[in-house]
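Next, two complexes with subunit A in common: one pairs it with subunit B, the other with subunit C.
Right after this comes the complex of A and B.
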């Protein structure tokens, strides 16, 4: 049971508390729920960071974005630039938990809990995100591929705090989608998830990024799927080939939600959905994606 | 170690002295004596514990009470005005939106936030807004009717 609590009012205060051994809490949607479920008791010492105003903003710079670690999933979904140019991230944030989760659950928490099934990881990886980690010694930047080292594990050092995620400007014209297999529409986490980001050159796909979620010990890119799409017309054959590459790259586990065989079989299906929708969006189509739980985001009701 | 704090719930400041690991739900129910919010799953799955935190629904079972200092908290007890039920509360009763009633406080909180943002929601929008609140009795039909009826009543009141 937690013995001591500090509410940081400045980043320096938060970093000092972390250096003294406290663990950070923002929305509590992983930390507190994890303790209730018996995954891990609440830390002995926590430092609440929800009062750090400078960690909330979503700021555009040169076509890219700097998203504060405390931006909630609701903030991200509501942001016009995210919806327009980083659509896969909006897809992902729109289906984290329920409305109540998205109101207090933060991007920083989602990333630093490092679940292989976290919704935002695939889009961030495909968009080339960098994590900005602060410590009393200053800041360092780390690509998301290097930050995520295993289930629940990151490369962050003790005492470091994620303060922001930075995304470079995506290639244009382009489009993106995150699709997942789910059994219900809220309070769900990916059974299988796939992200696809494409950039077009006329009728052809100039480049593609594809990442898999809940199909490996961390969220990872699938180079063979990207190669199958790059230079292609984005048609059915290329999409199917990329789907096969995704299924081949998958290293799923069996758990209460799905068997290894089912996850591998669904990997290709979800990959094809994500890729087709990313291509359609890049071409300006208002393609709805059949899986995600946000009809509002996908145009069904707004 | 216990910490002194002041929680503003339904417009009233409540001084409390609590352990840091206590959830907002547990403190509001047992220290403040406001048992309207329910503990269903204690796991952020069911929504029976929902409260408004600065106007937005949160699952209070998984929110640390100390983090709610300096913020506005509204529970189901705060929906009535001068002894009169809120239109949502009255319509939940009239439209058969309540059977056992355990999910109702959370449903009312979600619906309150929905109508504040979207005074004329469609059926789909109501179902989406309430999709983090589980009901095992009503089949949801009466609940959706109640939100529609309350929205119409509130629109008529402000017209």
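Right after this comes the complex of A and C.
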């Protein structure tokens, strides 16, 4: 049981190591903590990718963004364009784990860990994000909806490395929000999470994307909720109808965190809050999210 | 006490800089030459007969130096109240964290692999999971044949009932029959854990026949006895040293795993280190806070006078008794509370189950029992149409009142804590309709125990306190220099402390029972007085003055009234260093237990009267998110009677920590069990402690007066009381918004379910 650890200095080196069977590690907040907790042993061969400078950085192009796989949650929250135009993603990164997790945990790790409870997945899905996967043969792009195939499973091929996430320009004027049920203010994981992205056409909602987190085997969109919002005035009735659609679409489980009944009921509550905040933000309000979230997060990012 | 109080806020802990800069060394940081790593093989079933253990494959694994089972150690049963345990499982495993075997190997990975390679054959037995059902006559027994175990003579035991205590006073039946209003309720508290941030670690190394054990224990002398008893060694061959301790909260009280590691080190011929994972810290120790079922009934007059209390409590003992057998009596006292009640009948049981053993965690039994009692008090107030604070005001104990066991209170400030806490929080102020204030009162004894210390002054005038006391983060040992300095007219910074080494300090009960300042403070004061007398004797000669005319002030011995006639302590210490040395010793007898009448009680295990009782009231202002049931505590005020406060900064810190712990117990901390008794959330993501971001503003005040027959300078217990009333106060505030929640912790889901009813 020889364990190897390589620190790659170039992308080619990293890809070669992956091709030889190594697993990548960046912040280690899932891999190492999971091993300590007995979830899964550390892989025998690990390649550290934190030295790959080209995987950092958040770059604007057009109205969209290219976020390096190694961008930390703290980097994402600190980025003005993310906060202004991709607010739901800032919401999500702002409440991942603890301060320590957010400083070392990366977007790439969060996505490729493919937890149905991951915070950033819902916003990325709703913003139409694409994953940029590199391999010795070149790059390919895969929509988040196709990337995430099950709990802990992605459509990435062996040897592929996520190098960036690309987000197209969102429709304007628009707004977004990610809200989750939180039992405490830090060190929390989504028991119920809902993302909502809306685009306005005058007083009406032109289009909406709604996704649920920790309510199904993967993070998924809820077409019925989106339909309930599209063309509506975004008022209480439409929001309530979308909430019902979310609760209906949810496939909650019962575990130590909550019962099925509670999760389903909270799906509607959290959905209504996320939608109402997204609409208010789209209309230019500095709406905070009315869930007991960390004060520095939803409130401070607007 | 002028010196102590003036120095408030300036005193710097000796261990503080090490801890905050990361320089401090904890047990897991220690390395010895040639050191091996230990792993335990835990029972694979919560309840099973052990048919065979085959260690052949584990022993054959390269890098393995020792594999031990019960066959490899003396066949000794141990246990403080009842000898129901062996180091390793023998014949039967009784909870999921029971140790079947232990391995020492070159690396932790090899040790882990070897532990997995041990082949154990079991015959699964029915699991006793529910403490109430465990007490039924037809229940499977957790311990068969345990009538034969050595046990404390006072223990009342039968079947799975490990310890039963009753308190009886007056005529409850008649009083309930005549009461204007009778309120009966049932409350259920889940088990919870101490959760020290440092998981426990032990290093053992032998030199000839003597073993040194570095251990993250709160009670080194008790750990020493445990090693000596179970490995059949003289105590003089066992030395326990505690490096910095990363918290304990009671979880690291008692003897635990020191003997396993010592036995591994002896068998391997090498030093061995054991470091627990977080999961092990939840699963294996025999000190978790016990679950409780509290059935409580109160008869009350229309004017709010309490006239009768009947209660039945079932405490979940888990698989082994540990130090829990005195819990029923303590919980019974808690179910009466700090109130005048002329007719009382409480019946409390400690039921064996196939779950992790319970033991003392900060104020054992009290937060849960008080949570039930204080919510019940609010329910009684509602039924008689009184404000809950007014009901308490009319019934809270005052000087001259007597307890259910007829202990008569000397001056106490219970009522003052109530008035002060509600005053500080502005009880009755206008609040939004999703916010409320809840109030709860509590009480807790001080524990008198033997304790000792030496104080010596060096030739340069500095001092050293050599104590048997143990510092578990509370600052109680760190504050001992305040007491010595005060007696000797010196500065606290002039003293160093030698502690946490059983070969150095006198015997002490350790960081348990809020007893360090209470008992070791007494010892240090007495040892310092001993040195003071020696200094005065030297000064008599130098100053040519009678001893009665001398005083110690600001580092000098001087003649009263003529400060110019004096001599520096440094000068006297220099003289003494060349002649007879300045050495003081102190212990002093613990204060006597108050008189009481226990003629109506059974199962008397020392809690029938409360020595130097402390009282406290907490007021909690919180907000309930009605849509989700999430509770956010906004502010807490805490008023305490701990007698005279010796170190305000340290005492305030204890209350802040206790309140935070209490909020955790109230809303988020609880262990969930599978039907067969396995813990479902033995890790910190789903065993939810409160984080720094969750803890609200906490305002503290002390309303006690110096108390006779108490600790040094009229002080009483400080460390445990602060977590006693918080969950009850939280419950009472939640009840005003969401309805009464009868299960602890009052999680968002339970609050939400209450609102759905």
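In this section, the second predicted complex is superposed on the first by the 292 of 302 C-alpha atoms of A that agree within 3 Å, B and C clash if a C-alpha of one lies under 4 Å from a C-alpha of the other, contacts with A are read in each partner's own complex, and residues count from 1 in each chain.
Basically, a residue touches a chain if its C-beta (ideal position, glycine included) is under 8 Å from a C-beta of that chain, and two chains touch if they have at least 3 such contacts.
Just so it is clear, the structure is predicted and the values come from calculations on it, not from any experiment.
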Subunit A as common anchor, with subunit B and subunit C clashing or fitting: clash
Subunit C versus subunit B, contacts on subunit A by residue: B
First, second, both or neither for A:2, with subunit B first and subunit C second: first
Partner chain(s) touched by A:182 [first = subunit B, second = subunit C, both, neither]: second
Which superposed partner A:50 touches (first subunit B, second subunit C, both, neither): first
Touched partner set for A:36, first subunit B, second subunit C, both or neither: both
Contacts of A:100 with subunit B and subunit C, given as first, second, both or neither: first
Where subunit A meets both subunit C and subunit B, residue numbers: 1, 36-37, 98, 185-187, 294-295
Touching residues on subunit B, where the partner in the complex is subunit A: 1, 3, 19-21, 23, 42-45, 47, 50, 53, 56-59, 61-64, 66-67, 69, 110, 113, 122, 124-125, 128-129, 131-132
Contact footprint of subunit A on subunit C as seen in their complex: 109, 113, 277-279, 625, 627-628, 630, 632, 668, 672, 680-681, 683-686, 688, 690-694, 747-749, 752-753
Subunit B partner contacts - residues on subunit A that touch it in the complex: 1-5, 7, 25, 27-29, 32-33, 35-37, 42, 46, 48, 50, 74, 97-101, 103-104, 185-187, 293-296, 300-301
Subunit C contact footprint on subunit A (complex, rising order): 1, 36-38, 98, 181-187, 189, 256-259, 262, 265-266, 269-270, 291-292, 294-295
